[in-house]
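Some structures to go through are shown next.
Same chain, two partners: subunit A is paired with subunit B first, then with subunit C.
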Partner chain A sequence: MDVYAQIATKIIEQQQNIIGPVAIEQAKTVSGLKVDWDKHQVTVSGNQQSVIDKLVDQYKELFGKISVEVCKEAASKLISQLPADKQPSSLK
Partner chain B sequence: MANTLIRRGPSKRKQLEDNLAHISQEMYKRNAELAATNNTLSLLRTIDSIVLESHDSLEVLCGQITKAMVDKSAYNWVAIFGRPVHHERLELLGWNGTDTLPANHVADTPSLAYLNANDRWLDGSERTHGIHILHASDRAVADYLHASPDFIANLRDQQHINLIQFIKLMARGNLVGVMAVGFPVNIHELDTDNKELLERLSEAVGVAVDNRLLFEENQHVLKQLQKTNQKLRDLDQAKDEFISMASHQLRTPLTSMKGYVSMVLEGDSGKITKTQKNLLEQAFGSSQRMVYLIADLLNVSRLRTGKFVIESKPTNLADVIEGEISQLMTSASAKKLTLTYVKPKNFPLLMLDETKIRQVVMNFADNAIYYTPAGGTIVVKLSEKGGSVECTVSDDGIGVPKDAQHHLFSKFYRADNAKEARPDGTGLGLFMAKKVIVAQGGAVIFNSPAIDGPSKDPAKPGSTFGFTFSKTKLKVPAHLKPAGQAGAKELSIS
Partner chain C sequence: MKLLKDKLQIFVTIIFVGFLGWWISFQHVLSAQGKATQWFGSTYAVMALIGAIIGFIASSKWGGYRTVLGKALMFFSLGLLAQEAGQIISTYYVYGAHLTTIPYPSWGDVAYFGSTLSYLSGGIFLAKAVGIKYSLKSNKYKVIALIIPVVLLVASYWVFLHNHQYDWHHPITVFLDAGYPLGDALYISMAIIAYLLSRKMLGGIMRTGILILIVALVAQYAADWTFLYQTNRQTYIPAGYDDLLYFITYFITTTAMIKFRSSYKDLRAKTSSADTLEPKAIEA
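And now, the complex of A and B:
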């Protein structure tokens, strides 16, 4: 699994801990993101940075700024492995 | 009017939507807090289970704890420093980093990193301490952690750590270690939540490390005790072997000495004068005592090796006691003591180990002679009391102090007043006497001051030693009874 897919998985996992299955439903609506949660499989296609930003925005639209902080914390270990120019802007 | 309603409709709807969004966000916030609390509790529970279930070393335990912390938290790297048994500095015991690193970073190299126990922060009252490694020189960080530049480079480049937060691990008011937590490059200072979480985790880890350190210290002491015990056992065995060998070697010449003195006493070498007889009787009595002493030493050795056996046979205890007491008459009168034996009439035969019970009687009477000052009285009494027989040796001697009575029948024990009166005793006589009595199903009689003793004077407390046996237990089987003791019917059968 590539690092962006890992980041998406971590974010969805953490959101699921807070809001339950709604987190997965919301993730499925993000274009470029394919979620098969039963198999715990997430794939990110196209502009991967932008897809992650969209995922974060999806939660932000519903639950506000605090959900962005949750996403940042969930992805922090993985984000730190990416060079600055490859990091999704919403998680910087 | 209608116009106003049309204008109010969308505004109210907007208001409702805003309210709903606000409620959703508040609920999300609460849920996020609950999720964080759950995560912390789950992590604490995991640490507890690791500690409870782990039987491994401190290093392995620290490796397991740090792995759980990295897996279940946002920390990039966690390390535990502690002071293993008999180490001066805080060694790196275990550490774990993010998924991209190889698993199981138990610190198998003791010098991988360590903290100076006399570091200023460790001595101070501040619980936490942070260092930023991203812009610090490798040398500066390496100097603090006492780690190689490679180790620091790994933290920075592979673990992507900027801030390393150190937190003291305390237990029972003592510093037991330090936990180091690596935060990623985008975190520069810890917020209150993170600080609180770290403090809670450090409490759990502190207790875990302290418990394991105590356990390891106990194990260390236990091993040392086992080693010391083994050494003592070896020494004890060597001593027993020596005693056994020396006793065997002494017994042969002593038997011949005793035999020749006996022959002279019986007139085999011609007539002897009264003075000569008296002196030879003393020599015979002393050699007899030495025979008993050697027998005690051998019996102690046999007890250890499991070769101590009771060989019972029909014994006339009344006659056995008489024989022993008559041998002691000379030494008693030499000390100006009155030695009396109250011999019962028609005393029954008992199944006893004659040699050993003879030694017991000799020991009690001999002690009475030694520990009774001149002019004193010793009374030896054998009697039947209901279903049991009782033999007592009472005197009006120095007695046994209260604080010494508890140890009196222990191996090699001698009361202080006994040592003073007779410095050369072995402390084996009473020990062996009790063994012999108990091995034959009897019980020891002991009291001091002597109950019903020969003296009522508090200055002469005296003591009573003796034994009691159940007649039923020591009953002589019919087929072993001598002719005079068996019934007519039994005789006709034999």
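And now, the complex of A and C:
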């Protein structure tokens, strides 16, 4: 699983801890993100940075900036594996 | 305004207005403590029961005991249910067992103190859900989170327990004498901390429900505080202003639960419409 897919997985997991299955439903609506949560498989296609930004925006609709902080915390260990110019802007 | 269009909210508001009208109708003969006051005092917590049922449904939609938000809603619902249980038990003592004074402590206190603990647990999970840990990285907020409970605990101690004559022969009475005001101070502290530490970051569709829930906790505290103050000074009158305050609190908490339920429904509807629109967008 590439880093972007791992970031998306961590974000969905963290959001699931707060709001439950709604977190997975919300992730499934993000274009470029394929989620098979039964197998715990997430695929990020197209502009991967942008897809992660859209996922963060999707959760932002629920709790506002708090959701963004939750996403940042979830991705904090993985984001450093990406060069600065490849990091999703919403997680910086 | 959207909340007012919710059928469940309309139903609950009609019940609220009905009970409010009833309460107003007997205030001029309150001191006589007639049938109307007795019936009102025995039934108004039906609003808490309605709120608890809606709250348990909302909690299950948001993940129930497996999630932070689900647990917060579950504990607030348990608190409401305990309030209704407390009223039923008190009613039984008066009309079933024909006691002139409700014993203290009694089974009713299991329910009422259980309610205090449930609201405290709900407040803790609510604070977690609104991400207070992110604000606690700042020293200013750390100080606020420490000062608020200390001030409220000291104030509660000063008003209710300073010079209080404890009955050391009855340890449960001592525990409840201290437990009610201090427990109330702790749950209101959680509500105030949750609000102050999240107000700049909290947004989105959950904002309204969370703010209504915090207002409900403030109202519950006002009702509990007034009740303790009046009973301490033997000025409590059944079906008077304090019972109205409790009734208003149940209505506000129920409204919060309806909001969480409708937020879930709106989100599901939006997700479903996005799923339906996507293939069309691809075709286009």
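Here is the rule we use: the second predicted complex is superposed on the first by the 92 of 92 C-alpha atoms of A that agree within 3 Å, B and C clash if a C-alpha of one lies under 4 Å from a C-alpha of the other, contacts with A are read in each partner's own complex, and residues count from 1 in each chain.
One rule holds in what follows: a contact is a pair of C-beta atoms (placed from the backbone, for glycine too) under 8 Å apart; a residue touches a chain by one contact, two chains touch by 3 or more.
What you see is a predicted model; the values in this text were computed from it and never measured.
Judged by the touch definition given at the top, the superposed model places A:Lys92 against subunit B, while subunit C stays out of reach. Look at A:Asp2: by the touch rule set out above, it reaches neither subunit B nor subunit C. Once chain A of one complex is fitted onto chain A of the other, the partner contacts of A:Val70 extend to both subunit B and subunit C. Of the two partner chains, subunit C is the only one that A:Lys60 touches; subunit B does not reach it. Of the two partner chains, subunit C is the only one that A:Gln26 touches; subunit B does not reach it. Once the two complexes are overlaid on the shared chain, A:Gln81 sits against subunit B while remaining clear of subunit C.
When both complexes are overlaid on chain A, the residue A:Ile18 reaches subunit B and subunit C alike. With the contact threshold set out at the top, residues 17-19, 62-64, 66-67, 70, 73 of subunit A are in contact with subunit B in one structure and with subunit C in the other. By the touch criterion stated above, subunit C contacts subunit A in their complex at residues 61-64, 66-70, 129-131, 134, 198, 200-207, 264, 267-268, 271, 274-275, 278. Within the complex, the subunit A residues that touch subunit C are 16-22, 25-26, 28-29, 31, 60-67, 69-70, 73. Against subunit A, in their complex, subunit B makes its touches with residues 21, 24-25, 28-29, 31-32, 34-35, 38-39, 74-76, 98-100, 160-161, 184-187.
If you check the complex, the residues on subunit A that touch subunit B are 14, 17-19, 62-64, 66-67, 70, 72-74, 76-77, 79-81, 92.
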